[in-house]
Structure formats: C-alpha cells, structure tokens
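Each in structure tokens, the structures are laid out below.
What follows is a pair of complexes built around subunit A, which joins subunit B in one and subunit C in the other.
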Partner chain A sequence: MSFRSSALVRRRIYLHRIFYNCFRYYCKVPITPVATLESDNIPKPNIDINTVALLERLSLVRFDTEQGVKVLEDSIEFANKILHINTDNVQPLYTVLENQSLSLHIDAVTQGNCQKDILKNAVITEDDYFVAPPGNIPLHEIEEKESDIQRNENRN
Partner chain B sequence: MNKLSSYSIRDIHKAYRDKTLNPRCLIDQCLDRANKTKELNAFITLTPQVAHEQSLRCQERLQSSKKLNLLEGISVCLKDNFCTENIRTTCASNMLKNFTPTYNATIYSKLMMAGACLVGKTNLDEFAMGSGTVDSIYGPSRNPWCYNDNWRIAGGSSGGSAVAVSSGSSVVAIGSDTGGSTRNPAALCGIVGLKPTYGLVSRYGLIPLVNSMDVPGVFAKNVDDAAITLNCIAGPDDLDSTTIKSAFKPISIKEDFDISNLNIGIPKEYHCKDMSIEVIECWQFVTDLLEKLCKVSCVSLPHTSVSIAVYSILNQCEVASNMSRYDGLEYGLRAKTNYSTEELYATTRSQGFNNVVRSRIFGGNYFLLRQNYEKYFLKAQKLRRLISDDFENVFNGDNKVDLLLTPTTLSDAPLYSDFTAKNNRDQCALQDYCTQPANMAGIPAISIPVKLSKNKLPLSLQLMGPALSEELLLNVAKKIEALVNFPVLEFNQYLNKN
Partner chain C sequence: MRSKFLYKYLKLHKRYSSQIAKKWQSVVGLEVHAQLNTESKLFSGAQNTFGGLVNNCVSLFDAAIPGTLPVLNRKCVELGVLAALAFSCRVNEVSTFDRKHYFYADLPAGYQITQQRAPLANDGVINFQVYTPGVHKKPYNKSSMIKQIQLEQDSGKSLHDIELKQSLVDLNRAGAPLIEIVFEPDLEDGEEAAALVKELVLIVQRLGVCSGRMEEGALRVDANVSIRREGDPLSTRTEIKNIGSVRGVASAVRYEIDRQQSVLENGGNIINETRMWDAAAKVTVPMRDKEVVQDYRYMPEPNLPPLRVNLTTREDTQDIISVPLISDRIPELPAVSRAKLIENHDLRPEIAIQLVNEPALFDFFNNLMNKKRNPTKVANLLLNDLLTVLNRRKIDVNNCTISVEQLDELTDMVLQKKINLDICRSVLEEIIGNRKSPFAIVDEKGWSLVTDSKEITEQCKRVFDDNPKLVKQYRDGKVKVLRALLGILSKTSDNKLDMSVASKIMEELLRK
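After this line comes the complex of A and B, so read on.
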C-alpha cells in the first residue's frame, strides 16, 4: 500500500515538474514519452531440441545449460516485436557506404615473408604448419560417445 | 601538478614549450595515477616501458624542433581490442588471453606518428559486447565518480578508456563504438566521447564486432582535445577498404564560431518511457540555453523506437559470422582435446567465450537459418534503411535541421549491483537506446557532459549530425561545453581515501 502510494506521488511530482518546466519555458523537449512502434502480445517462441542441435552444429559452440536456450528464446521474442512493420518496396541497407565503390588493390605483392609472424600465435605447430586433429567427424557423434555436455555442466 | 586530470593538450604543450614540464614527467605522473587507482580496474595491461621509450623520443624531438607534433608527448591508451605489435591484445576474453599481435592497428600507428605515448590497454566487455564493462574476464571497471564500496558502473563497452581519462591516467583514449560503446561510458564518466562518421577512421587492426557499424571512438576531457585527436587518426587507409576515399580535411575549432544561423532539431522519439526525469530536465536545460542562441525545432525520426531491436538482430548476425574465425588453430585459446577437428573447435569456443558471446552467436545463427534469413536478417536490413532514411529526411528534407540534440543515456550511472541484476540484452536495450541509431545510419555523434545529477553523477547529452559533419558537430559541442561549464572530477578525495 505504502509502496503504491509513494509511486503515485512520485509520478505526480514527475508530471508536475515536467509540465512546470514546459509551460515556463515552452520547451521543445516533449513532455511525455512517445509511444513505441514495437508490438507487444508476441507469443513466446519455443525452440525445439532439433533446432538446438542444429544451432550447436552451425555455431560450433555448446548451449551447456537450459539457461542458454532461454536466452535465445528471449532474444527471438525481442526480434519478433518489429516484424509487423511494413517494409514493402524497401531495399535492404547492407552498408552505409553504398554510394561509394570499393577500391581495387594494385595486382602486386605488397606483403610477404611473414611466415614466422603468422605461426607465432598458434599453440601447436609442426614443421611450419598449423596442426588440426582428424576431420570429417560430426560434432554430435562425439557427444553421444563422450557426453561432453555433462562434463561441461560438471565443470560449471 | 595535481591538476593533471584537468589539463588540456594545449596546456601541456604550453608547459613543454615553457620547459615547466617534459614528456617523461607527464608519463610518469599518468602511470603513477594509474597505479594509485588500480581499484578502478581501467587497464588490462599497463605499458610503462613503451610509454617511456616513446616519451624519450618526444623529448629528443622537442629539443631539436620548435614545432610540436599534434599529440607530442601526450599520453593515450587504447581499448584492448586494437592490435598492438608485441603488446598482448585480449578483447577481455579467455579466447585471446594469449594473443600477441604481430602488427599495429592503423590508429595506433597514426597516434605514434603524431608523438603520442601509449600508457596501456584498457578494459572492455568481452569482445566489446556490453554496455557496462561488467563482462570482462579481468573483472568490471569502476566509475570514479562518487567512488565508494557501493560503486557505479563505468558504462561500456569501452569503460576502461573512459575511466582512464576521467581519472587522469591518460590525457586522451581510444575506444570503439558499435552501438554506443564510446558515447555511453563517456557520458557516465563525465567526459567527451566522439563517434566519427563510419569509414572516416580506419578499422584496420580493430578486432571486429559488427563490421558494418564499428567505428573507432575518441575519449577526451574536452572538445578541443577530441578534435586534435580526431585530426590525427582520421583519413583514408589502404589497409581498410571501408574507409572513405576522399582526403580528410582537418577540423578547426573556432573560438568565435557563429551558431545563430543554425537549426538544432529535438527528435521527440528520444523521449522514451524508461528515461529518468533528471535526464529529461538536463535535455530541456540545454535546449532552452540553445534557443536563446539559435533556432531550435521539434522533429520526428519515426522509426527510433524499433531501432534497438533491429540493431540487436544485425548485431547478432554479424557477430555469428565474425566469431567464426576463433577455432583454436591459428591463434588464441586451443582446448586440450584431439579427437576431431569439430570437437576441438566446439570445446575451444565453449571454453573461450563467455555466455554473452555464445548466446549472440546462437541468436545470429538462428536469424541466419535458411528459413529465417528473409524473415529476420533481410527484414532488419530493410528497417535499417528506414531508420537511416529518417536521418536523411531531417537533415536534407523540408524544414531541415543542421544537428540533433538528444540525451546519451537514459539515466546517470547505475549502481553495479542494480545493473548486474539485469541480463546483458536488457542492459543493452536500455543503455543503447539513444546511441545505436547513429551507428545504424553511420553518422557522427558526440556525447558531452552537461551537469551533475542529484547523486552528484554526470549527466550528458548527445549531438548527432549528417555524415562527415564533424567540424560543425565539434564546434557546436564546444559552444555547449562553454555554456554549461561542467565540473572537473575532484580526484584528491579519492586519493586520500586510499
């Protein structure tokens, strides 16, 4: 009760101050917030387990916890607030420099002899090569075998 | 020289000429200040050796030549997402904790050419994803204003650079600005923060967040210093194909700049529902001041309220793409696993990225899924055009205005405890409301401190202008700076406390 009334009083003081300032100076700053174009009433998105698996494979990152899925759903919900706005006949804006053409490099060697530099930050190298483990083994095959998710959760 | 934190570049250069100060001495004082204020956690890496070498070279030049370079003997620091040769560059992430670049970002090369001395690399949110400098593996940066046990956030993501300048560890600093990451911490820390036109300053060597919006930003204690710094770093760069090709004309700040013929726009959509009354009053205060000197008009940028959601889609999509470079093979963290390449990638990336980075990668890849590409990504790019057209219309249409005046943030600096009670997306949705539209349109914007709130914290406003209007923007900012006479942070109090 006391919380509500104090909120009301604050609201009243707020309006009073804004109106007062406004009438005194005739200030150009708007006195009330402008209504947003975002739509509310967005249904909660629901990400199924297959999509989660697909995103993990594409992202090469693990969701780790349910919290991760919740954050994704929240972020989709936020994006859904603007889908209703009419964009018929509007061209997508890829870059703000669309009116200038990209410059072409002269076809000449300008850099080189930097093998040492390039390899310097790699944790493992062998005979001047980067080293990768065996390829062509999809991520989820491994997870079933080694249950990495569980290991990760234990670590956290 | 206890007043160090209030000295401008011009004051310092005068002291150099009069031989009452030398670069080595200034650098020592900055480093000393940085060490005394360690608690604020502005720096990830201090570079005393580099700064000393550079300051000695400045001293030699000062002895042999009468004419000073633009930043001769001036301390600078760089956000730790700009590559610096042989100096660790971490992006405040486990992923790059062990990364030492073998080349310099163009901006750093240019600063060195202008005689600046690097005192350190500053703290940020991991990969610049945040608006508080609270998500760094090195811990949060702390706002020096009203500093006590119940301290306030510095703003972000370039919070370390803002703290370094406002606390006097560096005369100027460089940050990056994708959605407000320079202007936001500048506003909360009571200094000037400039986001130049997209493409005016080279991004070569800036570890990318959102390629189509990233811009290096400038922190300074006053508009003059920001202008001098911009003059050093701006201009085309062969190493960055997205720099604007035309030659850069240095900006001059005129003492007698006439603003009487200007028309300043007040975009009504920037009054949003979460804005604090003090911010509105501050906005009204400066609007009224300006109205005595020039024309002020109400204008409308109708798509402002959706800009933050559009920004969040585009941000996540570009992040998902940009972050795919981190796989553990060529540089950065490499997980200790050897079963398969994909397993190495996934484990490395799960260990190397914090949950904010990981969730933006997921979000981006979701929006980019074949069935979602048009629905979200193309939609967001179309809305980006509408947002950009809004600016085009107010700057070039009927009843056009020269500049826009808005708040920078929705409130003064929040308490760390309040801020971290929200998740990263909500934090950014609130903090970046007024700042990210300028990134969407690629236009320049500057945040200037105006007055103190009742909590004795800085309140700041933002000026935005059409592309490449930096000269006008900075001259008007300077006028406002002179009108409001914002107080310098009293630092002795803080130093005595420790």
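After this line comes the complex of A and C, so read on.
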C-alpha cells in the first residue's frame, strides 16, 4: 500500500517537472506578461472636440467629460499596440468556418405569420406598426420654410 | 503703366472666356436595387410579399431577436447568378457577406447584411438603345459597364407622420432579398439613364428575377450625378435616392444636372449630399443625413461562411449551385428579340424598340405574325391604333383584356381593307373588356368598307354634281383639288369607302 502511494507521488513529481520545463523552455505563450507589443513610434491619441461630437452622434453614447475622453483615448492606445505588427501576406481570418461552404435553405415559407410575437416587445404601437422617432425624411418636410427658400434657389 | 493694366485685364479676360467656351459635361452612374422573385426572404423563412398584414411576414431573425442566425435562401443565389450571367458578369467562385452598419428605425439589427469585399459577380455590361419618341430622331446604341452585382437585405418600410413627429415602421420588407447592380458612371444624361433602366426592367422580367414593378418599389434606382468642364476630372457628385419610375429617372437626372449647372455658374459649390426626387413637385430636395460622410463600419459577417458556387461542371448539390446549369436557363433577351424583329420581319429599329418595350404588344405581334401578314402594318396597328385607344381609356397595355383571337380578326379586316383605320379604332373601343367578335361588330354596325366600284362611281358622280367649281378647276389643270374632292367624298360617305379604290375611280372619271 505504502509502496504504491509513494510510487504515485514520484510519478506525479516527474510529470510536473516535464510540464514545468515544457512551459519554461518550449511553450510559445509567455508565463509572465511581456512588453514587446509596445512601440514608441505610435503617437498617443488625441481626440478633438469635433470628433467627440461626431462619435457621440453616431454611437448615441454621451462621453464628453474629461474622464470619458480619457477612457476613449486609452482604448485607442490599447488597440494601437498591434499597428506595428507586420501582417503582409497574411490573410485575415474572420470566421473559423471559412473552409466550410455556406449551407442554403430551400425557398419556402416556414416562418413568420407571428405578428403578435413580433409586436410583443414594443412599448408603443399604432395600428400594428412600430412607433419610432422621425427619421431621415426630406428636409422640407421638417422645415417647410427652409425648403421654400431652397426651392426658390433651385428655380433661379 | 496704363498699358500694363490693360494687358493684365486682357489676359484675365482671355482666361475667363476660354473657360466659358468649354462645355459642361454631365456624368451619371446608376445603382439599381431589384427585389428578387422568391417565396421567402434572403436569410429567413418568412414570406417575401408585397402588401400583406402589417408586421406579419416577419420572422424572429428579421426582427433581430438575439440568438437568431441567418441561413441563405438558395433561390436568391440562383436568381442572382442568372442575372449576373445575363449581364455577362464574371461570377465569383467564392463570395462573402459583410455587415454595413447604420442606425435607422426600420433596420432592427442596426446593420444590413450585404456583399462588399467579395460580391456575387463583377465586371458585366448592359447594352441598350436610347430612343425616346419626341426627343430622339433615331435610336442610338449605348452601353454601361457593371462594376458588381451583390446580394443584400432590404430594410423595413417607414411611414412618416409629420404632424405627430413620428415614424411608423412595418418590418414586412425587412430582410427581403435584393440584388444591387452597381454601374460605372458611363452615362451622360437623363434619357440615357431612363433607357438603361427600361432595358434592365425588361431583362429582369424576361429572366423572372424581379417583377420590375417600379410603382411597387420592386425596382429602385439611385442616380449619382456630377458635372464637369469637358476634359476635367470627375467632380463632387450628389446622389438621388429611390427614384420610382422610368420617366422619373429621366426627369430627376435632368433636373439635377440643370441645378448643379446653375449653382456652379452662380459661383456656388456642389456638396456631396443625398437628395430625394419629389415626383409631384418635379424637384430634387436634400435629405437630412450625410451632413458628414457616413462611416458604415463595414465588417465581415461572422455568422456566414463563404458562399461557394460550381463554375465548371453541371454537378449541383443543395449547398453548391452549378453555374453552367443556370446558364442553360437564360431565355431570349430583349436585344436578341429586337435583332430578330429587324432581321426576320424587316422592321425599322425604332418600331422594334417600341414593340419589345411593351411585352404585351410584343406577344400580340408574335401571335399575329403566325399568319403571313405585312409586319410593318401589324406593328403600326399595335403601336398606333391599339396603344392610342388604350391610352385614351387610361388602360395599361399589360392589363389589356383584348384577346389574340379578337385582334386576329380585326387585323385581317384591316389588311384586307374591309374596314379602314378609323373604323378599326372604333372596333377596338367596342371590344375592350368583352369577348365580342370584331366581325360581328362590323356587321352589326354596318361599318364594312364599300369596295364595289359601281357604288363608288355613283357616289363620285354625286360629289361632282355638288361641286362643279372644283371639277372645273381640276379640268383646267389644277390637279391639286383632287384631294379636296376625295375629302368631300369620304365625308359624304361616312368614311365607308375604300379610299384607295375610290381615288383611282375618281381620277379616271375626272379625266374623261
């Protein structure tokens, strides 16, 4: 009994050594973080007010405080770390399924006809339509006056 | 000092006038979205239909419910490839899908799945003839290169309620299958753009790819328009969105060219913007978006592996479509039909164009020519008389209820000179919307032409008795009055005489 257990312990130590050496000498993943990704050539990002305003409008997220801008700049700096890595002749991988072919469905109606379910999550509906804020409509329908001026310009 | 001044002025003047002498040149490129004729949507099994109960033809995927995934519709690939082949495109063995992001209430996912980097097909061409009766004297050939054809999703539809400041969204169209055909800026004016669209509609209808019904939005045209001085590089363009008719394309492009020209001549600048064609007011108006150039944040669609097609063999599987098999399915295209009309029936090109432009008339023509008949006369009967009667009644030719049998009888009567063209139109009026036989109508109304020379001679003599002055003038050498006499004859006889026979008889009588 004791012989068996001591053999197991010895075996465990042996395996541990192998793995340890493996990680230490052969593994490509560094055990401690390394700073080689940093590059001094890439300037620190600096975001001007106009860009902040554009991004706010596009993303519908408000962040024009000092801290908000810093978070954005830090994010850009973090992402910029990979810019100096040479990717010439490396095809980007965008899906692990790219060696597979897309599977296709037969053209037949198998879904839909579920108006109730579709509208279930909407807070406001009107005559079974979703209701949304006014979108991209011709300027003159928003500001009739401005359009009249525009049309006069067009005529001249 | 003064001469130096004068010299400078002259130099300036010269430069200015040389700039004016250069003509404006307009550059037009089109992007066309055509809805594919399928039962179900591009990536879901919901019904693809026009109309239908609001928000009912929507699957959970179309409403962008989290956890749902796209599965591509096989029929959409087939129709896309069919269109690509008809436009002599290079079909790509591997094509991929991308996400195009923008915020809009009728786009639930916040992105549209399209094909940006590797589209279904590239490098095609469309050849067409530009001929608008009343604008061009003769048809001319034109072609436009196709940059790419891609599969993509349609968005939902928004109704704008201006008073309540809200949009009402119907997702029935969300995820409907489209092909977008991107043309190079090879056109010069609105008429060319309209002719391209007309030909495109005919082709997609022949192929069965798209209904081509522009009034339903099944085929929508965006036009990119810019102008430049001859020889200058391309300048800033504006984009006119969603033009909904062939004539609308011509008017919108013409309006936009004129607008840009007057802005530039008044010292203004053209800005890159999206404009909308207001068909009622006949102007283009600016839209709110694109104050800055939009960043669509294109990215590869991670949920869809690449689409592969078989370019070389006729081996066809559920997931890999054989392109050669599809190329076997291409029907006769409008250009071939026109060439055949011209060659086999000796028709003038403008007549061939007009016949092929109206599929219903083209079918009538082919049916009527099963018997040996004079092709030009048959074509004229369809293009002049039938169209005139239908237009007067505001009936679309393609909804015309007149049957081939009815037209067959009518054509026989016209060509055998049993009735004249005026009566032919009256008969057409009578047979719209019913199954009456033109023979019976002519019989019933006593409309058939008199060809009997005895009766015509008698009527001629009556005209002579009533108009001795004219007869005298003729016999004194004023031969022109024959026309006047014939006019009187046709009036007094209620248009019922065969005038070709009558004019011969009258001339003979007068010479006696």
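The criterion applied here is as follows: the second predicted complex is superposed on the first by the 91 of 156 C-alpha atoms of A that agree within 3 Å, B and C clash if a C-alpha of one lies under 4 Å from a C-alpha of the other, contacts with A are read in each partner's own complex, and residues count from 1 in each chain.
Operating definition for what follows: a contact is a pair of C-beta atoms (placed from the backbone, for glycine too) under 8 Å apart; a residue touches a chain by one contact, two chains touch by 3 or more.
It should be emphasised that the depicted structure is a prediction, and the values quoted were computed from it without experimental measurement.
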| item | value |
| --- | --- |
| Partner chain(s) touched by A:61 [first = subunit B, second = subunit C, both, neither] | first |
| Which superposed partner A:75 touches (first subunit B, second subunit C, both, neither) | first |
| Residues of subunit A touched, compared between subunit B and subunit C (which is higher) | B |
| First (subunit B), second (subunit C), both or neither touched by A:94 | both |
| Partner chain in contact with A:107 - subunit B first, subunit C second, else both or neither | second |
| Which superposed partner A:115 touches (first subunit B, second subunit C, both, neither) | second |
| Partner chain in contact with A:85 - subunit B first, subunit C second, else both or neither | first |
| Partner chain in contact with A:134 - subunit B first, subunit C second, else both or neither | both |
| First (subunit B), second (subunit C), both or neither touched by A:126 | second |
| Touching both subunit B and subunit C, residues of subunit A | 54, 58, 60, 92, 94-95, 97, 100, 102-103, 105, 114, 117-118, 130-139, 142 |
| Of subunit C, residues touching subunit A in the complex | 38-40, 44-47, 53-63, 71-77, 103-106, 158-162, 165-171, 259, 262, 266, 276, 278, 281, 283, 285-289, 292, 295, 300, 302, 304-308, 318-321 |
| Residues on subunit A engaged by subunit C in the complex (per definition of touch) | 54, 58, 60, 92, 94-95, 97-98, 100-115, 117-119, 126-142, 147, 150-151, 154, 156 |
| Complex contacts: residues of subunit B adjacent to subunit A | 98-100, 102-103, 198-199, 212, 238, 241-242, 244-245, 266, 268-269, 271-273, 275, 277, 280-281, 283-284, 287-288, 291, 296-298, 302-303, 305-306, 309-310, 312-313, 316, 320, 324, 327-334, 337-347, 349-350, 353, 355, 358-359, 361-363, 365-367, 369, 375-376, 378-386, 388, 423, 425, 429, 441-442, 467 |
| Residue ranges of subunit A touching subunit B (in the complex, touch as defined) | 14, 17-18, 21-22, 25, 27-30, 32-38, 47, 51, 54-56, 58-64, 67-68, 71-72, 74-76, 78-79, 81-83, 85, 87, 90-97, 100, 102-103, 105, 114, 117-118, 120-124, 130-139, 142, 146, 148, 152 |
